[in-house]
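A, B, C and D are the chain letters, set down in written order, and residue numbers restart from 1 in every chain.
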Amino acid sequence: MQPGLYHILFISTGLFFIGAYGFFTRKNLITMLMSIELILNSVNLNFIAFNKYLWPNQMDGLFFTLFIIAIAAAEAAVAIAIIINLYRNHQSIDVDDAEELKY
Amino acid sequence: MMNLNTTLLLLIPFLPLAGFVILGLWGRKIFKANAGWVGTLLMLASFLIAVYTAYEYFTHSSGGHYDKIVPINYTWLKFSSTLSINMGIMLDPISVMMIVVVTLVSLMVHIYSLGYMKGEERFPTYYAFLGLFTFSMLGLVLSSNLFQIYIFWELVGVSSFLLIGYYYDRPSAVAAAKKAFIVTRFADLGFLIGILILSYCAGTLDFTTMINTLTSPESSELKTSLTYSFLGVSALTWGAALVFIGGAGKSAMFPLHIWLPDAMEGPTPVSALIHAATMVVAGVFLVARLFPVFSFTTPGVLQVVGWVGAFSAGFAAIIACTQTDIKRVLAYSTMSQIGYMMFALGVSGMGGEEGAGYTASMFHLFTHAMFKALLFLGAGAVIHYVHSNDMKDMGGLRKYMPLTHLTFLVACLAIAGIPPFAGFFSKEAILHAAYQHNTIIYWIALLTSGLTAFYMFRLYFNIFWNKPHQAHGEKHGEGGFAMMLPLVLLGLGAIGAGFIPFGKFVSADGNPLHMETDIAFSVLPVSLGVAGILLAAWFYLKQNSRPDAVASGLNGFYKAAYHKFYIDEIYQFVTKKIIFNCIGRPAAWFDRNVVDGLINLAGSGTEAVSAGIKKMQSGKVQQYGMYFLVAALALAALFIYILK
Amino acid sequence: MNLLWLIGVPLVTALAVLLSRNRDQVRWIALTGAAAQLGVAIMLYFLYTKERSAGNTAAILFQQDHEIFSSLHIRFHLGVDGISVAMIMLTAFVGIAGALVSWNIEKMTKEFYFLLVLLSLGAYGFFISLNLFVLFFFLEISVIPKYLLIGIWGSGRKEYSANKLALMLMGGSALILVGILGLYFASGNSFDLVELSNMNLPAATQKLIFPLLFIGFGVFTALFPLHTWVPDGHSSAPTAGSMFLAGISMKLGGYGCLRVATWLLPAGAVAYSNIIIVLSVIAILYGAFATMMQKDLKYINAYSSVSHVGFSLLGIGMLTQTAITGSLMQMVSHGLMTALFFAVIGMIYDRTHTRMVGEMGGLMKMMPFISTVFFIVGLCSLGLPGLSGFVAEMTVFVGSWENDHMIYRIATILAAMSIVVTAVYILRAVGQTAMGPVKNESFLTLTDARWNEKLAAILLLLAILAIGLVPGWLNDLLRPSAEAIMQKVSAFK
Amino acid sequence: MNEFLTLMKSELLMTLLIFLLLFVKLGKGVKNETLLPLIQVLLLLNLIAGFFFNKTGNLFGDMYFTTPLMAFQKSLLNLAAYLISLLCSGWLKKTKHLPEFFMLMFSAMLGMFLLISSGNLLMFYLSLELATIPVAAMANFDLERKTSSEAAMKMILSSAFSSGILLFGISLLYGATGTIHFSQMAGLLDNSPLQILAFVFLFTAFAFKLSIVPFHLWTADVYEGSPIAATSFLSVISKGAIAFVFISTLYRVFGAMQDTWYIMLVILSIITMVIGNLFAIRQQNIKRFLAFSSIAQVGFILVGISEGGAAGLASVVYFVLIYIFSNLAAFGVASVISDHCGKENINDYKGLYKTNPFLSWMMALALFSLAGIPPTAGFFGKFFLLTAGGAKAEYWYITVAALNMIVSLYYYLRVVRAIFMDKNEQPIEKIGISPTVKMAFILCGTAIVCIGLFGKLYDYILSLI
């Protein structure tokens, strides 16, 4: 059986929420970043699926995916740099250890 | 026609005003001790013009009938084409009579004070206030407009306040001044509302027009006004009654009389001027001024006037018998005499013989001004000498102050209604009028006249006879010439004023009225008066224990009368306990705590909410994300499922 | 006359004050500015009456119109009628008196005078603007100076009072803002007062917008129950601050209630007149009774202001020509009177360092001038004939009585009852401070008023007497303009 | 080619600046004292250049387009950047990596310029990330400070999460319409549930950047932790740029969904004003305080945006212009004081007037302008926003907005009160202000007082639309 659009959308939505769940629950900053990657990947799946099933004439979705991957890398680079600096200051990459700023 | 110069007329009130302005602004710096002369000379001029005016007016009747003349009428404040407050001068018999009385008594007081007030620190201020008062009183009696009379009414009140409170560092004087002002103010509230009602009904504030409108049965204003009513009483009746309340306040009628005895805190000449001869009769004057309206349109109110007057007359006379402060005795006697004038108006009709009460009332006003001023000035001389108001500190003064003694005796005889002194004629006329219209009032008046003779001679004997005088030895006790002159002049007035054919000049409808003296009728009142005098002599001529015995015999009643029937206490209770505690304090509390509290609550409530939601900003980035996603999904759900 | 003078003079004064170098310069510049402004105001009066007597019957004179934000229909449209002229003169008198009594301010003199001038600038602008936006702009200008004047130079719980005042006035402004925008949209985009007054907006719209504007302006003029900033604000403010607050700022509200709310929304005014009457009668009586219990002179005057201002609101609520004239007279009269009252209280406080009536007594002995003025103002407050208060209150009463219905009558009578209560508290205050024995030995060395204080008091007294003795001129000034407003209203009665 | 140069002028200049700094960095270390004035001059030139040769046109097959209004918006951002470089010069001089800071800032601005001009969702996403990621790095610029790195961490994580959701929305939008070009997309929108879901997700990205409640939670933490220059940048430039983009996206692309977003804006603007105000009341740290105040300000901007036409657009641009001056003046004062003694607490400001009247008046003026009190320009800005927002005659809506002005006045006055009225034994001592900073302050102050009184400006903005 050929997988249809809805199957893929189902998976991508699942991925999205798994990513979100990870972002909300994991305390390690790196893992949180990875969760965000999951969200981005669900988006990538969406784009590709839409491009293939609904609008196969143009490559918009595909290109978008490529850009997302690239930007995600850049974002991760900056994020990791920040996390490293955070580690220097806090001696920890646990998200709950950095909560001086509140209320 | 008569030869009246309007400028000259204006000078009558404005000369005293000039005295007020000049002495008020520069008295302390420039005139100092001469301030009295400035005031007196201005007053003298004013008096002379007033007499001249009166002469001109009364010698130019049109066939015995005296018209109302309004030589000056200046629109002061215009409300609508018909309704405006005018400042004018209206001459008619009563106003002309009044300007003479006012300027005369004022002049006497001015002269008298030259001696009496000599050396006072605020001597110029005193004369300034006298000027202000005289101006206001003259303005009042000359008013051509109902609102004008109210304006001067208030000014008279404030000058009375100033003069009562002249010794401003005495708390009792300040309290008395306040009381006088506030009580009369309370009555003025009635007056004001009365004015509003009457002006609305008549469509004008002008006396002449108003009286014409409200007394001619075919005028449309009257017809429509009679259709208005409130609580079953017609609007006009309310208006007239309220105006009378104003008059009753100023004239110290029961129950608004409580300020008058306290007002004796002022310098004695002031009491003579304001609280005996002029200001306190303003209420009588007011009723007389609007008499046609009272008489034609609201006879019911006139009944009330009669009863209130009669009751006050008797009531005050009883209290007067028990007081020991000589000025208070005089104050209650004033109240009693004004009661006479009031009920005389109350029992009067409008025209011809019916109007005898009106003429009698005015006549009594006139003679009373003479002898009551004289009594006060005499009492002032006594007080000046013994430095006390209490009759217990006096006695046997006849040898030390013979002139004062003599004039005081004349005045006492006059007020007691012994012929041929002035009081006899006017009182007789009043009793006559009462006899013809209302027997009960007549009997009250008769008894009161006996009481009057009693308490006046109680006063007289206690001051001049009774126990021998000790304190000052052989020293001569009379004041200077300035103080004696007015006594003599007023004494002459108290003797001679009764012989004026008053009815020829003053009557309710302007037509001359012949007043006969019925000897047979006079027997009863005169003998009652003589009885009163004899009784007083029996009690007080020599020091003895009879008064105390009688007082303890009448225990409860005497005490009540001595305490002025506790009216003051009732007022105290109402003001302090009810108004202050039950209205003022709660209002202030309510404002600070409830109204302001609500406003503050808005502030503190906001702060509380703000503190309550601070947890939302937890500082945890994961929670932020959660809010973010939930909010996004909720928004989407809202628009997809609910607000399609 | 070019009305720009009226805002030009204070503007120049403000700048000059900012640029001046020392305290003396500041004071003299401010005084000169205020005097010049008084001159301009009086000149305006004469030019106005001249124009009127020459037969110019236009509702609003000396109009000028400049574009600002043309796309939003915001124009710098100025003009005056009798009401504005009267208010401008009031402001000028209070302004110069305020400058005079502040002569001895030590702390931050420059800033003080600058704010004072700014405050008066707002008032002048407000009274001459004929564009709702400009009017609102000038109304709002005066909020911050008030806040700073109280907060910096005040006494007592000054920060609290300043905050409360600023926030409550801001609340009022917020309602006004909504009302103005409402008018703007309802009228098809117009801010112009003259234009709006000639439009007959649907009655439903008027009834919707009227309360917003009336309550908004009502906050400024101490409409019950939104008056609570008055006692605190007035009592904490420095002398000149209180004078400006009570003498000018509260009048902005009254003027707004009339000029904006009533004039533009006559149907609304008619619909709500009963409520206004009830509220103002409550304010009159309740203010008077609350005053009776006060012990601090400034609180006494502040609460009595609530009561007195109630008369001008009552006049507006009554909606008769005479009542409105009376209401305006009351605004002018109360402005002068209360400014003088605060000035005198300030003078007393400067010397005795207390404002508690219980601690004073017999001041007449040491300061006859101040005590006499105090007494005269008191008399004005209790409505003594010959002084301005009487004329205004009586006009309100007579005007109110013109209304036929029993409710109006009863309201008038209730309002009139306050004259007794007023007498009670005024005489109490005067009796306890100026009269009676001297309670405090140290007071015996106190001195009477200085030249600047005397001048200030005399200027205000002259104005009070000018109205009280010869009210005709003020009546003639205000009545035709009140009539113009009434013409709009009577169509809906 | 010619067209390319003129139309993309702002972006090209920005790129030029970035490369210039890169070369500076490559060469021998230039001292901050010499570099900073240079950058300031360059920024001024950049600002001036922004006012010339502005045309309408598009490039790269509709991926990029510009109009004079957009050029004006970019100039406003340039102006803000120039002011920041002046006002924060105290901190900038002390920072170790000055060229890097400006490089990051210019990159972010380049992203914003492209964002404003983007005609395509891809372009939009790319430039949005370009406008965001460098700012996170800027937030981390006080490398040794714990709060700074915490702020940066929160910023980068939140924005990454937000862009995830944005992308999910974009993907759905792509799925629903089959295009990523704005011009084509506008005609294809039909309010289907999928589109609404996609739109809401897209909307959250704007909401996040504009800090609309409840997407605002990162704002206060990041503002407080970041160095003041970064905070000013975030609160003024970033917000202004996103507001411009937001409004043009809503109007041009999602015009068909106006019914939906109008209600959304009404709801969110009210929540934003209320919550922003309520939080601002309690704040002690001046930066955090200004953060919440700026959230409340955004609520007002939303009121203006909700109008949906030229008046809304013009009033927002006008307001942002005023907001730049007002907010930067406030941040400027905070920055001067913070540099001098490290005090950022409102209580430390007590008695400031005694020692520093100039700064005090500046702060007061700025706060009054933020509160919308005349004669400051803020009054005009707020009034016009409400005028625009009230056009639908929803009285209760303007009433709520107007009532919020009272609450906001309350907390602005708190600062004024501390400065002018409260007593303090040890107030902040007298601070010497360098001429450039003073000039910037005077510029801000003059603008705050005069912009409103100079009415033509608003008409000019309107004429650009």
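Here is the rule we use: contacts are C-beta pairs under 8 Å (C-beta built on N, C-alpha and C of every residue); 3 or more make two chains touch, one makes a residue touch a chain.
These numbers were taken from a predicted model, which means no experiment stands behind them.
Engineer: So which chain ends up closest to the centre of the protein, judged by Cα positions averaged per chain?
Structural biologist: Ranked by how close its C-alpha centre lies to the overall one, first comes C.
Engineer: More C-beta contacts across B-C or across C-D?
Structural biologist: Greater number of contacting C-beta pairs: B-C.
Engineer: Suppose each chain is reduced to the average of its Cα coordinates; what separation in Å results between subunit A and subunit C?
Structural biologist: Centres of subunit A and subunit C (C-alpha means) sit 65 Å apart.
Engineer: What whole-Å value do you get for the distance between subunit B and subunit C if each is reduced to the mean of its CA atoms?
Structural biologist: 36
Engineer: Where the CA atoms of subunit C average out and where those of subunit D average out, how many Å apart are those spots?
Structural biologist: From the centre of subunit C to the centre of subunit D is 42 Å.
Engineer: Report the inter-chain centroid distance for subunit A and subunit D in whole angstrom, where each centroid is the mean of the CA atoms.
Structural biologist: Inter-chain centre distance comes to 27 Å.
Engineer: Would you please write down the residue numbers of subunit A that are in contact with two or more other chains?
Structural biologist: Subunit A, residues with two or more chain partners: 20, 23, 32, 95, 99-103.
Engineer: Could you say which residues in subunit B touch two or more other chains, in rising order?
Structural biologist: Expected reply: 603, 614, 617, 619, 621, 623, 625, 629.
Engineer: Please set out, as single numbers or ranges, the residues of subunit C touching at least two other chains.
Structural biologist: 167
Engineer: Using the touch rule from the top of the page, what pairs of chains touch, sorted by label?
Structural biologist: Here the touching pairs of chains are A-B, A-D, B-C, B-D, C-D.
Engineer: Under the touch definition given earlier, write down the residues of subunit A that touch subunit D in their complex.
Structural biologist: Listed in rising order, the residues of subunit A that touch subunit D are 16, 19-20, 23, 29, 32-33, 36, 39-40, 42-43, 46-47, 49-51, 54-55, 58, 60-61, 63-64, 67-68, 71, 74-75, 78-79, 81-83, 85-86, 88-90, 95, 98-103.
Engineer: Can you list the subunit D residues touching subunit C in their complex?
Structural biologist: 311, 314, 368, 373-375, 379, 383-384, 386-387, 390-391, 393, 395, 398-399, 402-403, 405-406, 409-410, 413, 416-417, 420-422, 455, 458-459, 462
Engineer: In the complex, go through subunit C and note every residue touching subunit D.
Structural biologist: 67-72, 74, 133, 136-138, 140-141, 143-144, 147-148, 151-152, 158-159, 162-163, 166-167, 170-171, 174-175, 177-178, 181-182, 184-186, 208, 212
Engineer: Contact residues on subunit D for subunit B in the complex?
Structural biologist: Checking each residue of subunit D against subunit B gives 153-154, 157-158, 161-162, 165, 193, 196-197, 200-201, 203-204, 208, 214-215, 217-218, 220-221, 260, 263-264, 275, 278-279, 281-282, 407, 410.
Engineer: Using the touch rule from the top, collect the residues of subunit B that touch subunit A in their complex.
Structural biologist: Contact set of subunit B toward subunit A: 614-615, 617-623, 625-626, 629.
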